[in-house]
Amino acid sequence: MATSASRTKFKDIINTGFGANTNAEGGRLVNPDGSNNLKKTGMPLYERISIYHTLLRMSRFKFMIAILFFYTSINLFFAFIYFAIGVNHLSGIDINHPIWMRFVEAFFFSSQTLTTVGYGHVAPSGLLTNFVASTESLLGILAFAVVTGLIYGRFSRPKAYLLFSKNMLIAPYRGSKALMIRLATYKNNHLTDAEAQLTVAMHVMEDGKKITRFYQLPLEISRVTSLALSWTVVHPINEDSPLANLTEEQMNEAKLEIILSIKAFDDHFSNTVQQRTSYSHNQLVYGARFLPMFDRAREGAYTILELDKINHHEKVVIVEDVTG
Amino acid sequence: MATSASRTKFKDIINTGFGANTNAEGGRLVNPDGSNNLKKTGMPLYERISIYHTLLRMSRFKFMIAILFFYTSINLFFAFIYFAIGVNHLSGIDINHPIWMRFVEAFFFSSQTLTTVGYGHVAPSGLLTNFVASTESLLGILAFAVVTGLIYGRFSRPKAYLLFSKNMLIAPYRGSKALMIRLATYKNNHLTDAEAQLTVAMHVMEDGKKITRFYQLPLEISRVTSLALSWTVVHPINEDSPLANLTEEQMNEAKLEIILSIKAFDDHFSNTVQQRTSYSHNQLVYGARFLPMFDRAREGAYTILELDKINHHEKVVIVEDVTG
Amino acid sequence: MATSASRTKFKDIINTGFGANTNAEGGRLVNPDGSNNLKKTGMPLYERISIYHTLLRMSRFKFMIAILFFYTSINLFFAFIYFAIGVNHLSGIDINHPIWMRFVEAFFFSSQTLTTVGYGHVAPSGLLTNFVASTESLLGILAFAVVTGLIYGRFSRPKAYLLFSKNMLIAPYRGSKALMIRLATYKNNHLTDAEAQLTVAMHVMEDGKKITRFYQLPLEISRVTSLALSWTVVHPINEDSPLANLTEEQMNEAKLEIILSIKAFDDHFSNTVQQRTSYSHNQLVYGARFLPMFDRAREGAYTILELDKINHHEKVVIVEDVTG
Amino acid sequence: MATSASRTKFKDIINTGFGANTNAEGGRLVNPDGSNNLKKTGMPLYERISIYHTLLRMSRFKFMIAILFFYTSINLFFAFIYFAIGVNHLSGIDINHPIWMRFVEAFFFSSQTLTTVGYGHVAPSGLLTNFVASTESLLGILAFAVVTGLIYGRFSRPKAYLLFSKNMLIAPYRGSKALMIRLATYKNNHLTDAEAQLTVAMHVMEDGKKITRFYQLPLEISRVTSLALSWTVVHPINEDSPLANLTEEQMNEAKLEIILSIKAFDDHFSNTVQQRTSYSHNQLVYGARFLPMFDRAREGAYTILELDKINHHEKVVIVEDVTG
């Protein structure tokens, strides 16, 4: 098959961290959000999971739910203990109240102890209850320290805030064609010294077997000094490209997966940020070019970057170079 | 026009993150504070804004106002809830007090709960009020965690604390002339391995159209090992300079914008800091040189750096080299 | 002896931070956990120990014990002070209680002050007791600040979470043999731009004395762009290798110690992580190769990495090249 | 003068951040603790000082004093306000107490509010007192946030913990001589990839004027992969050295100042640390060599690094090479 045969002159890269697998009919390697499409086994879950990583990656809503859940659980746990010891050791709680009410009052005493608000209209008396309350207030302080750390960790986690075009395009380029992906920062952050790295994973035939090969795709510009506006990452498909001479059908057949990794310096926080994404062959638009997404403001005082136009493209005809 | 024509031999840089725009009559690209003169559209504000970035960049005064505003708002909100449930569920508040007084007392109970001071002379009774108070004290703890994170984030944000001269000078330099900008750290921080990068954006004529071109300006010294005293960044205007043979008028006509970016290593915090600034053509002083801004102390025991003299310069005549 | 003699053509590295010691019969240089097998003397312990480093490196369990210990100690200390001043200055404590009970009540008052829960059913009266309580609550706040910092420090400490194979193998490799070590990340973290550095420390004879020499071992691939799956670090034992022509016996005799250092970029936290390990000669398996530890899931949708197979290897015969 | 004349063939470095000053008779440029011997003027103190830098650099003792001072000041301030409003608005304070006692009680109420311990045996009543107490508890929470940030900042500040030899030696070296300085880490931290940079500042005669010139001193080894044991930084004084052919007297006459800067990677915290020191000419020992400061433990199981021997040296005769 021509597709595979024509690739042999390119040095494939074996240092991608993914192996070449003879059973190439798997799913994608990298998810669109940049995580690896991978599952680890052979170790218990609690050893395989970094709780801190997980709590930082969690959505804001889930994080709030998790905190509410822990707050309620701990209070229920201690309410049960106070109740078991006897609410008569909590001065201020009427022991003639019905049982559910006394439990609820123990619950609220627990919450006042855990948050260290300690109004004192309910207060511990007796050795055991005092001991439990003393432990709970320490736990409250430690839990709070953990939450402070988590919230700061979530806040300060370096993020690139990059928006990628939904499609990758094969566009006309200097008499030939090029693979193009567009990206821009969408927040009020400013990235400098941004570097792009483009890798392709494709199925090729070798010794009659379909295997996955990886190639680095050279870029027209692989580094920009400032990511103020949008950046169109361009891989020229010339004779040096592993994608040379592939037709649209052959690209789909080879189940192209393009992994784009951006590394940049966040101007404001002074640290390095990184973001990855992946395009599968069904996100490829063959014969199209991006339309501009920024312009000078009418009054000419500043530049406008229209983020909703990041994927705006128009169809164009690509004249296939038959002499390639 | 000579200005534009003579530039064609220089390779312009296309990786500035700003595009070459045919409608070149816009405002400056980078503001003097280093931020981009740019507006993003096409996404809702809350997606375009990083609240953390914003709260960290905010002035100290505005940040204090924001905190006071949130503190008052949350207390008003909870006061209203306690009031709606009924202040009779807040033991210690006299229900015979006039309505406004009872609301104010609910407000203060709320503040005692939110800050977890919880004196207890006013205390919640009844299921609903206890539930609200329990929720509010949790919210208080979380809000406090957020504030701790923000304050630490503001404190520890790497900053270069660089003071730049107000003007850029065209000064005599080794028989020719050079573009000079002076800078110094103004705090008790110490920067090492400082690197400067100078970029010019200028209007040139191409195919009868005025467009913006970017050129990297080579520096006499682009890296200093220690930024103890002041540093005069010098771009020699010789035959290799995109500014060669430009008269003062031509520089103004080309609407020169000079972007200076400094990256350094903070000796104390051991992290990389970065600061940018931009000079527009009306900040250019043609024919001037900086006067010294540091001297040995009279008693000879240490060196004095006079920060108020950062922009001190004197006019000098530049002998134009007609053979360039 | 051939072992030593054949090494002289290799440039040993003297910048390992370990000296060449004529008394070479010592223990290993680096422990399997990556720390140096080293003891420092000549300075008092408190100057030689960074408490922060120690508290961050401590196991979770020991850290909890340490906190409980400090909490109890401080409360005992203050309980003693309150008791010495007189519990009659603590309103709410019955002075007719037996002495041990009054001490316990002072202890619980102390814990309520330290955690700032301050119920108030016991409250300080009198100048001295008020002064001590005021000091204790400040101390509580400071101690809490310290604990918050420690917990955040423990959470956010960059860790590589690398799992190394228990053995290093001498495996057949391209007609000759190679030293191989396998590693993988075992948590839900993702490392990019991973770099490996392999150093050997071995005993050689020089001038009739046994001394320790260090050599850098060149790797087939020393950098991978993504550490998604496992990585087998391969040092080809060819004519350029300091291990060339060594038999299994000679390797043991030379008391080979292999130090592997991995440096990578954590994709999620955007910082550099590093992990070291060391293999002593008795962890060497001569004539073996690693078995695969990952596969595509049956349904083909993702890849499975089996962490329990990291050390899986099978014995193979190595054909010694007699012409080396 | 020979001293100065013989230097002209060396390229001096002008990018040290220190200028060549014709009035060379000043004090040292860098203090032994690595800070610049420099004073900045021309800006008000509060703009010239980074409070965060200052509070982080402060000794532990001074930091504790500062906190105590602020705690007392704020409490005095609020006590005065509560007292001015009238302690009759603080329920629980006997208005028949003598004036000083009522002030003291207001002071303690303030401290209970600031630390949010809020026992409640004294509680605010009346609009104004409640308002002040509400403000104070917010202030307390913010102050606590600041202190938490500062304490964490102090803890987590990357530090190299390097111990330098008190003297620099001119020692015999490969038939000639070399400048040697010894250093070691003295804490339980481990540095990797350590880099040294050695700069000399010396007085030379140029055009009949004494000026300060800076030269980079090439090192035998400028980078070590691990700083496990001690490291002797060696600058060979050969024909390429700016110090070549200088006698002991000429070195003193030239008022040699040697600035040593170490940059390394902290293995545990995964960040870059840096430490500088400076040696003046009167710390120079001409004709001496360092004695070993580490050895294998008797039982051979680990290595011992004796930190108190960092400056141990013995006098040796240097045979001056007269043909230099």
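We just call them A, B, C and D in the order they show up, numbering each chain from 1.
Definition applied: a contact is a pair of C-beta atoms (placed from the backbone, for glycine too) under 8 Å apart; a residue touches a chain by one contact, two chains touch by 3 or more.
All figures in this text were calculated on a predicted structure; none of them were measured in a lab.
The interface of B-D is repeated, with over half of its contact pairs matching by residue number, by A-B among B-C, A-D or A-B.
More C-beta pairs in contact connect the chains of C-D than those of the other pair, out of B-C and C-D. Both copies, subunit A and subunit C, contribute mostly unmatched positions to the interface they share, with under half of the numbers common to the two. Superposing the C-alpha atoms of subunit A onto subunit B requires a rotation of 90 degrees, rounded to the nearest 5. The distance from the centre of subunit C to the centre of subunit D, each centre being the mean of the chain's C-alpha atoms, comes to 28 Å.
Separating the CA-averaged centres of subunit B and subunit C is a span of 39 Å.
Residue positions of subunit C with contacts to 2 or more other chains are 112, 116-120, 144, 148, 152, 271.
Of all the residues in subunit A, the ones that touch subunit C in their complex are 13-19, 21, 23, 25-27, 29, 34-43, 47-50, 52-54, 56-57, 91, 112-113, 116-120, 123-125, 127, 130-131, 133-134, 137-138, 140-142, 144-146, 148-150, 152-153, 157-158, 197, 199, 261, 271-274, 276. Contact residues of subunit B toward subunit D in the complex are 67-68, 71, 75, 104-105, 108, 111-112, 115-121, 144, 147-148, 151-152, 155-156, 159, 161, 186-190, 192, 194, 221, 223-229, 231, 265, 267-271, 294-297, 300-309. Remark: subunit D residues 116, 118-120, 148 touch subunit A in the complex.
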